[in-house]
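So that you can tell them apart, the chains are marked A, B, C, D and E in the order they are listed, and the count of residues begins at 1 in each.
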């Protein structure tokens, strides 16, 4: 009982450390630096400690300090309570989705079963969708409570876009669920031990559509009409300053990590290394003894998992800095008229193929 | 142990439901209702209806309430309609309904307080999971599964007719 | 089964504490220098002429309605996908009927122009 | 020359899915990324540095501007330590922003001495639009556009430069003078 | 262990709050919300009985209730919008069209 709780706490602290403590801040730097390098610029490199700039990594610290010490003001005529509540509603679901995301398999360490997921729910994937759908309210409430034309327009667009792509996002992964026959993310991950059982080979169309709608769900370029800087100032968070403004960005970056993690689990073989099954890995570390071998395999798997996640985040960044923004009617057309029928067709084709193979 | 989880959840849900009724602005009511639905999802988890709990969040809190939010934003009510107002004529009806409710409550407690329902039945570990609910739905309840499609079709057509006729 | 939710509950608590703590820290650490011009809603330097609370196009409502109806459909698909291998051909036919009926609705909406954003 | 895009091109369904085009675009951007990220590796191996970054680290490095660049206008100070200006007022008239202000003074008119000279010559850089009309209008080669652009002050009043601040030895303006003679000489007023 | 009566009292309380809201509020949208509360209250008791009788029927039934709620809300709010175009109010006491 207590030891389980302790293990859970360690996992939670690890997840929070890696998202809030590592990915979210570092991605603010990566976004600037990577875009700069892609466009033959230099990027953030000025913040220094004692003249030492470390490639501009200290911008993270300066950003954090700046956000916390800026004036936090609420505009006239705004609904104060909802205005304060909105960033919290946006950030909490982003963090909560990590509860069901496994970042490794199951290992036996010193007689203790360790399952590298915070809570191994049977409804795993649906949990992610349900919680992610709650994040919509953060943006709607933010726009509504700001008493600003840009904010309200941005939030209407955000809500419309997010709910449209929620449908396609749900439909595109039905194929994956049919193939693996489970919704528990740990089981989907475990089912992909062999390289040719990876989701990307079994559901290539599903992968492309899911990737597109996931980016749209996260409102990043090319689907960033809700916060289009050049037309709507900043969309729903125009009236936010200081750390509340930062929280919306944090939610966005954490959602990028979530998308990366889910795509890794569904399509890229989760924590498995191609052509190297867990048993082979264990036998390779046999000389360490049972528990230490398990520990080594666990560390390798966690490393591989986050490596894949990093790669997918890199892909999202590349997409973001390659494609121009779509018009709003194009976004809606893509969601409703192209992705929705295609994913329905994908479901039916997958069904027929599975039936034919059995 | 379960009581300790149930009571806060129930109290919060009831409080938020009261918040829906007595809130000044419709958007406040909507936020309260979302909170109540999340609380109910917690209660469902307590009852081992895992799939239904997720549905509660996904459809009720995540979809239906979005529609409410949209309509509140869409209409942008006059100040007169925004504030809380009692309907004048229903005082007698309300008090009658209240009396009825108390009676019903009393009856329920009377019936179910017996020993028969005091402890839940022994259920298998996978009770209420997606697989079990799905199996029940797609084998025993095929007709109830197909009927909502007609309902949804009707709703789709109706919504388009109602909304589009105002646009054209 | 209930025990597996403990982690999620603890995470919910901790992340709420983090989020609330951030807001509180931000409001405590920052300066407070308010004057009327600053508190005005941002509109590129102009004073706002119209209130933001106007009516929106009913298009947004239509999208929301379609979203609800398709969300319900997707929710039906989820348990079906999980037990599809057990159901076999029966399940496929069942779901095809379901999807065809809803497909008719989608076609109707499409033809009526409910999905157009000119 | 405008490039005409043919919109009637018939695309195959594979092209119409835009996946190959998107992938090509992503390849281009990531090629730039990797080149700039790891371009220093061949540099260590003794090859030329292959980074393509064009950014200049501004306060430390500055760019050599082309001679036609129009920075802030300055007055030329000739070899006799006198301004070339004769306070004729043509630049004042030519200035579309009315930022030049000249107070003329009169000399005795002896041999080798200019009849008029500016007692006070002020240019308000807060108003100046750096058009170069003053330079063009000047008949005495007295006012020139330098290549300085970093005129930033915390106070607007300090943007008003007087004669002492404006004067620059003519030796520093040699290139610009040459350029102006070529430029405006061609036009034969 | 929570006795079944607790769940039922909880459900009935929610239901009566919903009835209260329907009866005393004049804003049509809030009245709709109160209808949702009532539907939810019914779901609670359905699922509670399910758990205590070890069946899945009630869960299927509440699934259907959710579907019906979705359809009902989408049409009901569309009607509210359509009414709003004719007479810009959502006050139920003013929406007595039959008297016109």
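Here is the rule we go by: a contact is a pair of C-beta atoms (placed from the backbone, for glycine too) under 8 Å apart; a residue touches a chain by one contact, two chains touch by 3 or more.
Please read all numbers here as calculations on a predicted model, not as lab measurements.
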Query raised in the report: What chains, if any, are shared contacts of chain A and chain E?
Result: B, C
Report summary line: Neighbours of chain D that also touch chain B are A
Report task. With one step meaning two chains touch, work out the least steps from chain A to chain B. Result -> 1
Query raised in the report: Higher C-beta contact count, B-C or B-E?
Result: B-E
Requested in this report: Look at all chain centres (mean of CA atoms) and spot the one farthest from the centre of chain A.
Outcome: D
Query raised in the report: Most remote chain relative to chain C, going by C-alpha centroids?
Result: D
Requested in this report: Give, as an integer number of Å, the spacing between the C-alpha centres of chain E and chain D.
Outcome: 71
Query raised in the report: In whole angstrom, what separates the CA-based centres of chain A and chain C?
Result: 16
Report task. Report the inter-chain centroid distance for chain C and chain E in whole angstrom, where each centroid is the mean of the CA atoms. Result -> 21
Report task. Let me have the rounded angstrom distance from the C-alpha centre of chain A over to the C-alpha centre of chain D, please. Result -> 47
**Report entry** Residue list for chain C, restricted to those that touch at least two other chains
**Finding:** 1, 5, 53, 56, 58, 60-61, 64-69, 71-72, 75, 78, 82-83, 91, 106
**Report entry** For chain A, residues that touch 2 or more chains besides their own
**Finding:** 121-122, 126-127, 152, 156, 159, 163, 166, 183
Requested in this report: Would you pick out the residues of chain B that each touch at least 2 other chains?
Outcome: 2, 46, 48, 50-51, 55, 58-59, 62-64, 66-67, 70-71, 73-75, 126-127, 130-131, 133, 137, 148, 152, 155, 159, 163, 166
Query raised in the report: Taking all chains into account, which pairs touch?
Result: A-B, A-C, A-D, B-C, B-E, C-E
Query raised in the report: Contact residues on chain E for chain C in the complex?
Result: 66-67, 70-71, 73-74, 77-78, 81
Report summary line: Interface with chain E, chain B side, in the complex: residues 2-3, 6, 10, 13-14, 17-18, 20-21, 23, 26, 29-30, 33, 36-37, 40, 43-44, 46-49, 51-52, 55-56, 59-60, 63-64, 67-68, 71-72, 74-75, 77-78, 80-82, 84-90, 93-94, 97-98, 101, 104-105, 108-109, 112-113, 117-123, 127-128, 132-133, 136-137, 141, 144, 148, 151-152, 154-155, 158-159, 162-163, 165-166
Report summary line: In the complex, the residues of chain C that touch chain B are 1-2, 5, 53-62, 64-69, 71-73, 75-76, 78-80, 82-83, 86-87, 91, 94, 97-98, 101-102, 104-106, 108-109, 112-114
**Report entry** Residue ranges of chain A touching chain D (in the complex, touch as defined)
**Finding:** 34, 37-42, 208, 315, 318-319, 321-323
Query raised in the report: If you look only at chain A, which of its residues touch chain B in the complex?
Result: 79, 82, 85, 121-123, 126-127, 129-131, 133-134, 136-137, 140-141, 144, 152, 156, 159, 163, 166, 183
